[in-house]
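Here's the structure we're looking at; comments come further down.
First chain written, first letter: the chains are A, B, C and D, and each begins at residue 1.
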């Protein structure tokens, strides 16, 4: 044994299992990218998105334009914000089913308060605070009482939806000039292209989320919890705080999405955004985030939203699908996406 | 007492008790540690070592007792607090994050920051430096999950020693490590010790304890036996204190192993791998295993032992070469197929690939047997209980409650449950990948004896262990791997740890060719089996032994 | 006596059962005849019978869902599968020359069930073979499936006039509603097959640690196939009952949101969504809680706006009471109870 | 809407060059499907290209579809809004692009009526009133209290609110008529059945059921029969819609009276669009031609009922 101590230094070969040569071929590098659990799915989604967009352009008149692409952002800015919040939650291995109902609730709060003459400057922060508090309660329920996220957020969903009806059973219009202005304003980008203020807000939210997840300790702890909560705990990471905070963020994002949604529809309606949580989850998953947590990117989720948007755009451009074929078509395109993603990334091991 | 006791203890735990439902894991245990000493916590599996550590770092709340750190009474609400107070810990099961990079696993929670953002470059640099300190050449950007368990263990150690801690706790850090890595670790431990860090080192390897530790505390069944200076305690006495009775089996075993080299013949070859390999994992290898033969796999960390074993166990599919079972070429596509060919593979990663934590001991033991029978032919309850009971006794699984959830067993006892599962299917070839990992000395002896007895009854065993002594003690033949190639296939005849080590590490220094008889390194092919003496008894052995346990008692 | 009580309190089913009793009490206050079960025309009548009958579809789906969840999965497509099976059965009955003959109904039911097997295998294929995450894999059928159901009915409600078919939903057999009998049979078969064979152990094992189970020789893939297929079969049976209940196939509304109720029933019954150990009896209690809740809302005349909040409250209360944190707080109380009885609480 | 609006500026186009975008609510009921089919068939017959999209009951989807129609440069947009509120932004975009908009079936609450040229659809309050009038007439001689239960449509939906309001307005005239319980059955048969079951338990003495659509009424029939009573006799039933199944039940005497709410808007819509295309003007509010049915009328109308 002692003799070993002065054994010659021996570099261990534990690095890349494929023994990558210094200049690996392009094919191999592509394969490595695709099969990485971290980058594979999101890469595939990006490629497929481009392919679909080009295919749509070839098939439909007027499809291949900058505004059609920008409309994806304009029409889905609230969904992008929702997906951002959902990404945080899913990265920790949780799920948030309440987001759709919280969007509706935010709209109801906004519409009813504005109707009674509140100022938007008070209403919007109030909504964000309230939805964050709801997120906090959900987070505490999940962390302190070990209620499963699916159930805790389902309860929150029922609660939020119920509160919507309590506020009003019918839809309420928003006529507040600030809201109307934000809803109809167009920011020209030159060349007949324009976006809405909502898009800017969504982009800012995305940018902040990217920074938080990538470059802060909190963000890395989010990934750590997804990789193994117990391990994170034993490594001395602030698991409890992070886990609760993630739901606060999701609550906040739902509130923000709710505000954007009211810009979009200029009304509050208790039945609105039913099933939107599934859209957000689907976007996150299509964007390459694993539902079990630990792997994924916010930008992937944005891409996921764009994919859902482009599927819908194609359906309206097609314009001949009956209601049921629309459903079947959406399901089929989703399937094609998921399967391609799976097949292309599954060469591992 | 020595000079160390002159200084005040950095940690003092008094009267610690912890109760889990149905188990009193710790019962009024006292424990203390001094700055600048390496202290070992000794005890059988389930004695309460890990529990004591977790009590100290706040993972478990204590029912009774006090903890003082540097003279002040503390009560940590969790590992984060303990860490902040200067206690750095590597827990027994590797607790890292497979989805993050190696660098992050080392630096998580104390990442270097610039302008409020994590400074990724500085982080990678720091991680690389730390790994280099352990003589580990590893890309800090690679995903942790892509590395073998041993590497993960080293990364966990790197993480722990990076903190400027007053106390460093290592709960079985060496269970998957090779001699080389252990040596590296010890070098680091010594230097930390010189800086006045108190180090708690838990290990079932007595050699290592005697090499590095100054003082040790022995636990038995959750109670304190005593605190001793290592140099004043003979090994034999230590073992006696741990298990509460004398241990003789090991020497006895060694005698028998040396004398009873199994004779083989072509007819008795149970499995024969020819050019079996898998791209990116293991290069084509030849590996014949005769009935009743114990073959040891030796090699460095990452040399491909596990990968080869997984091919034989049907866990991974081979994409090159062929495998003959009893002379018939068979493609193993699933573990299930291997099992129906009576080949059992017991994984080195018992937590992720071995035990089913939330099932009971009973269900875990019968799982493979039942899977082989199919779901619609359930094993009768009575037989199930008998089987479970017999293995609980044979392997001394504690607590001996068949209804206990395996998750709540100590690490070593989980390993025994896993072993019982595989013995229950009456395998003809048992592949044991690090079966003695985290197993106490008494149980280790039991397992070794078991392997030996099984082999005598005609079962083949492929044995992988980082502990070369163990491989040498048990194996009839030893196959050496290096860089995922089989580089030697030797009769265990006059081999020593040193000669084997030289063989394994060869390539870095050519002049240290081993001198042991029969130890000449052979390029690739195995020793032609026809050269071996023929033993009629081996081929006459009952092909389906009904009592696979071979009744070790 | 108090030892028994202590054991009861320690059981996972304690709080769900308490919740059920509370709901019963509320009903009894609102409607004194609540517990009365009378025999009319040789049929059992009464609120309790109604709860059982109306709860049958949810229970049946929840049974399948329990097994899916035990393997760490989830099946969102049950509502769509229920709609498809109802649509298939009704369109076959409608298209046949003799809609009232039992043979026609038998054919219709068989075809509907066979189609559901195919749908279940489809889910199983996506999950087990392609390795798609269950929530997404079944989301696909959830979306497309309802489209298929509407395709079959062309978006219209298909009304059939077939007494044998209608009997599935509102008929009686020896005085007991046929729907309840079907639910009991499904429940019994599931319990028997999983607990009397090793299937239950395999399902739990795969749910807890798939890789370890694979290495132990458990055929995880086949198992997932079986479980998702069974879930679809349950959904189809429930769909037939739901459809027969009003003798009309409504592709839009049959089984809408029933997946949420089923999942809630499973969770209230103490089965973890993280997979692993499951309890079918728990699911039974859970399904009864849900249905009683719905009936209570109707009977007590709780304004519909509050229904959602009410549901949220019940779910939250049960989950909080079941939580380990609450358990610990109650631990002292329980220990004292046990002490007084002179016997220690058996380790569980 | 406003001044009635005129067609596209360039003057009349040939019909086969016209493109009309239609954004439907969804396919949430048989009524809606009949509506969709009728519109599609009418446009096909008129030789006008129809771009159809299904919003699956989501306002956001409908907004997206309309925006996409603007992008595609259709000549006219027609849609049945999922909900009354929140259309100003997107309708302004349509206006800016010079595309006239026609509302069908449901209104929007926009104050700026220049955003659309016409609203074609039923008057739900009127439907409620028609039902109420029949009830009033039935019980005009009654001196006893008449216990009425109401099966409401989906909470908050315009037809549910208006049909309840119109009904309540009328029956107020006779103090003997009292709505003793009112609960939502979500416009579905299953919902109607379950609610009716519960109501029968807690109100043993129900005289009349007013259901906001046929489907809930048909569900209620099931519940009443299961309780051993005779629908149409022991308990009278009034519903709205007049779908085929409802008419059949009316003919069979299980329902006593149905107020029609016709989904057949296709021809009227085509007419509006051709008028606009020819440069003509249309009324800002066009009410669907609708009637009511009692048993005899139902038997008569049933054979050529299309939906």
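Here, contacts are C-beta pairs under 8 Å (C-beta built on N, C-alpha and C of every residue); 3 or more make two chains touch, one makes a residue touch a chain.
Bear in mind that the values here come from a model prediction, so they are computed numbers and not experimental data.
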Of all other chains, the one whose Cα centre sits farthest from subunit B: D
Pair of chains joined by more contacts [C-beta pairs], B-C or A-D: A-D
Euclidean distance of C-alpha centroids - subunit A vs subunit D, Å: 37
Intercentroid distance (Cα basis), subunit C paired with subunit B, Å: 45
Geometric centre distance via CA averages, subunit C-subunit A, whole Å: 31
Whole-Å gap between the CA centroids of subunit B and subunit D: 73
Subunit C: positions in contact with at least two other chains: 150, 155, 304-305
Per-residue overlap in subunit D, given as positions that touch at least 2 other chains: 27, 33, 36, 155
Per-residue multi-chain contacts in subunit A, two or more chains: 165, 169, 322-324, 326-327
Complete list of chain pairs which touch one another: A-B, A-C, A-D, B-C, C-D
Subunit A residues within the subunit D interface of the complex: 61-62, 65, 67-68, 71, 74-75, 78, 165, 168-175, 180, 183-184, 261, 264-275, 309, 312-313, 315-317, 319-324, 326-327
Interface residues, subunit D side, partner subunit C - complex: 27-30, 32-34, 36-37, 152, 155, 181, 183-184, 186, 188-191, 193-195, 197-199, 201-202, 215, 218-219, 222, 226-228, 243, 245, 248, 307
In the complex with subunit D, residue positions of subunit C that touch it: 30-31, 33, 40-41, 45, 47, 50, 54, 150, 154-157, 159, 170, 242, 245-248, 250, 252-254, 294-295, 298-299, 301, 304-305
Residues of subunit C touching subunit A in the complex: 130-133, 135-137, 139-141, 143-151, 155, 260, 263-264, 267, 272-274, 304-312, 315-316, 319-320, 323-326
Touch list for subunit C against partner subunit B, complex: 196-199, 201-202, 204-205, 208-209, 211-219, 276-277, 347-348
